[in-house]
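Okay, got some structures for you below.
The two complexes that follow have chain A in common; it is paired with chain B in the first and with chain C in the second.
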Partner chain A sequence: MEIGLDIFLQVMVWGLYAGCIYILLATGLNLIFGVMKVVNFAHGQLLMIGAYVTFSFFVLTGFNPYVLLAASIPILIVIGVCIERLCFRPILGTGKLNEIFISIGLIYILENVAAMIWTDEWKTIRSPFEEITVTIGGMKIPVDYLIIIVTTVLILVGLYIFLKKTRLGLAVRATSQNRKAAMLVGINVERMDMLSFGIGAGLAGAAGTLWVVSGQVFNPYMGSVPAVKAFAIVIIGGLGSIPGAIIGGLILGIAENFTVLTIGGAWKDAVAFLILILVLIIKPNGLFGEKAE
Partner chain B sequence: MKHTYVFLLIGMVVIGAFLAGCTQQASTAPAQNLKIGVVASLTGPSSTTGKDVWQSAQLAAEEINAKGGIYVKDLGKSVPIVLVQGDDESTREGGQKAVSRMITQDNVDMLVGGFSSAVVSAHQSIVAEHNVPYIITGASTPVITRRTDVNTSYMFHHAPTTDDSGSQTTLFIDKVIRPAINAKFGYPQDRPLKLAILYQDSPYGKGHLEAVKNTIANNSLKINLVSQETFKMGESDFRTALTSIKSSDPDVVYVAAFLNEQIPIETQAMRDVDLKKIFIAIEPNDDPDFYKGVGKYGDYSVIQSRFSPYTVPKGPTEAAYNKFVTDFDKKFGGFPGMMGVATYEGVYIGAKAVENAGTLNKTAVKTAIANLQMPQIVEAMQGQTISFSKDFRESKFDLTMEQLVWDPSVNETRPKIVSPANLKERDFMLPDWYVPGKA
Partner chain C sequence: MIEKNRVVLYLTVATLAFAVLFPLVTGLNMYYLTVLILIVIFIIFASAWNFLTYSGQGSLGHAAFFGIGGYISTLIAVKSGLTPYLTIFIGGAGAALVGLFIGAICVRMKEWFLAMVTFGFAVIIQVLVASQFVSVTGGWDGVAAPPLISNTVPNYLVYEYYSILLIAVVVILLFRTILNSKIGLAFSAIRENELEARASGIDPVRYKLFAFMVSAYFSGLAGALEISYLGYVTPEIFGVDISFWPIIYSISGGLGTLAGPIIGTIVITLLWDGLQSLGLTYGRFIIIGIILVLVVIFLPRGLVSLPEVIKKRAPVWKARFNKLLSK
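Presenting the complex of A and B:
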């Protein structure tokens, strides 16, 4: 198949959009891992809850779904904090197996709770901007995708400012770099765990809102596939590295879409793991990962 | 102390032996009911359909039991139907677990249900090993009863196969859509239609692809396949596949997908990719959720169907259709869906076969299903009779083609039957916004 410039650019846009969702999910996952060294397998289910929160508020209030980021992010932060306090904190340091089983158990619990509250039927909502397209270089792009890309950038800039320019962000980074040293200088590391888990969940909530706004369908069981991709991105980018998650998310989003275009949709999921294997062969700690202790 | 342990041990052995004896006795006693295992995806991504399947089976069993059950000659009395739930969890492994349990622990007399082709294929060998009659009411690949690596002689397919629906749809495209496009845009009458197909990477999707290709070849149809795109089951982002399809400049896009895929496909095609073509959906999508989900983007699209929530084919099944839908809604709320109605009929088929066999013996029941000739129930069947073909044990349905039309009173589209001619509610129409492929 001959790929013209118009198709190339169009697929790039779809890749960037997919990358945005992956980036938000993977950045949250990485933040949690960086600080707590916990792998939360139920992270995709937090995206699913973010989608349902947006859906519920949209149905109840009729607000612009983008505005509902102001609801989904804080609610997911609260849910994240509760999960950290009730599920992970009691078993932190008791062994990786406990953490794995807790997070796997959370997948089933969150899915079943969502099915109980919202039923397990597929849902969808419509963006108020769905009719609007913008022409860039002769290419028509629905304005929703530009908003999603810009929103993701703004969220990441906000996260960057928080981590780099605030005392709390400094404390989070210190805990991530050396937990014991952070404790010695008086940082309440448990509070940092709670905070990072909350922010990670909030980012998943934002991913859920943007997922819904783009017209994707969702049900309580939709979280697993994006979560698997997010894990691949975390490993590609390097465990605990937020820039790695961003670059990894973009690489995966674009690579997946070009795979669909050139080889076929059946290979879309496989490409994530192909990239993962290639990266691990060349850089065993991921693109931005530091050497394991 | 030592004696206490010995007594405890002896006590446990005695109680164990007693319980084992009870179990043995129960299994040799004549059965007092017809135990039907219902294979349904009650959890996981297909749980909406699974619930329909289970509830429809319940409705059928209750109706039969309310009339006194099934007369079994060997027992000299009527027995009730008892349903056993087998949740396949929407996975192959879950299906194997559920079917295995129902056969070996619940000792079911027959099985009904089975949704996905992939899931059913995975547990067929277990059914074959135990020779349990199985009326499959969901999986659509014809391979289900045609495969040779497993003995499928106890399995009966009461759902249109991908061959049936693919062939019917392709013939409709050639006979109705192609002439309509050529006439409207002044193309030569013999201009071949440019067809793109977007299919799920599964036995269901591949079955449709094969059916389309075979129908074109076997009937020398003037249809050129200009694009074949595939996607993984459960996919939600189709933008790139649709962009690729757009670049192939088709007239019509044939989609073999499930509801959760069909909705984003049509939405993303119209809204994101600006693919102004006629989209064709296949029957499992004819469900209220589809109309709600696809909204205005479904306008003028076509759906192949056999049991629709919003249109009833006029004819002998109309009353039965209305009764079933009303009873279901009264009891469970909502619309039962195609897999639901087929399973409802599946329970009736099983009951009739047992009555005809006069026994619960599985081999005799299998033979009775194979020789069954019973009047159609809710869905229109070919010859107005439910029977299974001698070669591959498939029942044959009368299928319809519907076109979706925007209904401002409900703010959704509604289907109108456009084929076959005897059931037609209106003619197929091309919308003003439609852009055909270049000549």
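Presenting the complex of A and C:
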């Protein structure tokens, strides 16, 4: 197939935009993993809840959906903290399979609670900026894509400032580097667990809002696929490495859109795992992985 | 110890007697038979999944083997006209080959890496079956599968049930023999500490691959049985749910025990059907999810360990109860 430069750039922008949602999920997963050494496989269900929270507030208030980030993030932080306290803290340090099993339980609970509240039909909302496009270098880009990319960058910059410039962020990083030493210098590591899980869930909530705003459809069962891909990104980038998550997210977003263009839509979901398997065969700890577990 | 062995023996005989006699006692009730058939098929599947954990591995994508077994068995039965009684074993062999391939890639991975890669293979295989080999597999429409026994035979479900039960008993005895042999010993050595196992002359790669193949073979067999019972196969069979069920059954019953997957499958399936008859479409998933979380937190060794836990805790509870009374 002949691929011109304009199509190439177009697909790059799509990929960038798709990558944003993956990056938000993967960064959250990585933050949680860094601090707690736990992987929350039910992370995509948090995205789904975030999407529904946005949807409900949009229907109720009619606010601009981007403003509703202010609703979805705090609500998801609260849910995240509850999940950490009720489900993950009791099994901390009891074996790595247990967290996978707990997550499977959580997936069933969250998906079906959502189905009870919002029914299991596909839903979608229209962004107020749907019609507006910006022309850059001869290609038309929906303004929504640009806002989503900018929002993601802002959130990531905010997270970076929090982690690097505040005392609390320092405590989070310390816990993530060495839990015992952090405990010894008087950091309340359990509070850091709660905090990192809350932020991770909040980022998933933001991803949920962005998912809805971009006009994508959603139902209670849509969370698994983006979450598993986000986790694949985390592994591709290396467990615990946030730059790895960002690069991995971009690679996947772009790779997926090129796959759709060249091989066909059916392969969209499989390409993440093909990349994952290839990366792991060559570099068993991921691209930026620090050490073997 | 002798005491305990005897209890286990009695329980095994009782369960088996129940499984054999129940359809006869209930007058070959069709509804009970369908429930029993599905339970026995999933006992094979959950046991096969559980077999993998003995070697220190795990999988979030066993639906891949379940589905491949189902597809290969069905396609061969349709094309060649062979009876499914033969093709189910070919289906298992096909799943074992794929298992060997996936296992070879996964053998050096651990925990989350393994979980993700196995999960990924199930997704990739689903895409392959649904979109690449459409002329053979029928794409998303699927293929009609010939039944084990033609439904024109009177009481065909009864014969099917006893055939499947026989296969299940043989499979579990086989697992028991393997795990009680030197191979089982090597498995636990690898599971506890791979480095030490290697130091004492065990080749972890060989044993892990063997575990993967055996597990895949019997998952494929279970899948082939399920499909010939259902009568059709679609790519839905590679779905996440099918991968999760054997995990849920094994955990709730007790990981790393022979009885665990059996007890788990029976209890959870009956609960599931019970909740369904109460009309809880979403509620039953929530309840299963809550049970899974509670079991992992409070009963990490599953329902199998329940008598032990009660025995241990009973004096404490009794003391508390007496305290409450004396107040």
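We adopt the following convention: the second predicted complex is superposed on the first by the 291 of 293 C-alpha atoms of A that agree within 3 Å, B and C clash if a C-alpha of one lies under 4 Å from a C-alpha of the other, contacts with A are read in each partner's own complex, and residues count from 1 in each chain.
By our rule, a residue touches a chain if its C-beta (ideal position, glycine included) is under 8 Å from a C-beta of that chain, and two chains touch if they have at least 3 such contacts.
Just so you know, these numbers come straight off a predicted model, no measurement behind them.
Colleague: For the overlay on chain A, clash or fit between chain B and chain C?
Modeller: By the criteria stated at the top, chain C and chain B clash after superposition.
Colleague: May I ask you to decide whether A:K140 touches chain B, chain C, both, or neither, giving the answer as first, second, both or neither?
Modeller: first
Colleague: Is A:Y66 touching anything from chain B or chain C once the two structures are fitted on A? First, second, both or neither.
Modeller: Neither chain B nor chain C is touched by A:Y66.
Colleague: Going by the contact rule set out at the top, does A:I235 touch chain B (first), chain C (second), both, or neither?
Modeller: Second partner only, chain C.
Colleague: Looking at A:F55 after the superposition, I want to know if it touches chain B, chain C, both of them or none. Which is it: first, second, both, neither?
Modeller: Neither partner.
Colleague: A:L106 contacts which: chain B (first), chain C (second), both, neither?
Modeller: A:L106 sits against chain C, while chain B stays out of touch.
Colleague: For A:L276, using the defined touch cut-off, is the partner it touches chain B, chain C, both, or neither? Pick first, second, both or neither.
Modeller: second
Colleague: After lining up the shared chain so the two structures overlap, which partner does A:Y22 touch, if you call chain B first and chain C second: first, second, both or neither?
Modeller: neither
Colleague: Could you look at A:W122 and tell me whether it touches chain B, chain C, both or neither (first, second, both, neither)?
Modeller: first
Colleague: What is the contact status of A:G264 with respect to chain B (first) and chain C (second): first, second, both, or neither?
Modeller: After superposing on A, A:G264 lies in contact with both chain B and chain C.
Colleague: Can you give me the overlap between the chain B contact set and the chain C contact set on chain A?
Modeller: Residues common to the chain A contacts of chain C and of chain B are 115, 264, 266, 269, listed in rising order.
Colleague: For the complex, give me every residue of chain A touching chain C.
Modeller: By the definition above, chain A touches chain C via 39, 41, 87, 90-91, 94, 96-98, 100-102, 104-109, 111-113, 115-116, 224, 228, 231-232, 235, 239, 264, 266-267, 269-270, 272-274, 276-277, 280-281, 284, 293.
Colleague: So in the complex, the part of chain A that touches chain B is made up of which residues?
Modeller: Against chain B, chain A makes touches at 1, 4, 7, 10-11, 14-15, 17-18, 115, 120-122, 124, 126, 130, 133, 140, 142, 145, 215-217, 219, 221-222, 225, 257-258, 260-261, 264-266, 268-269.
Colleague: Quick check: in the complex, which residue numbers of chain C touch chain A?
Modeller: Checking each residue of chain C against chain A gives 53, 58, 60, 105, 108-113, 115-117, 119-121, 123-124, 126-127, 130-131, 240, 244, 247-248, 251, 255, 282-283, 285-286, 288-293, 296-297, 300.
Colleague: Chain A touches which residues of chain B in the complex?
Modeller: 44-45, 47-48, 201, 229-232, 234-237, 239-241, 243-244, 247, 259-260, 263-264, 267-268, 271-274, 289, 293, 295
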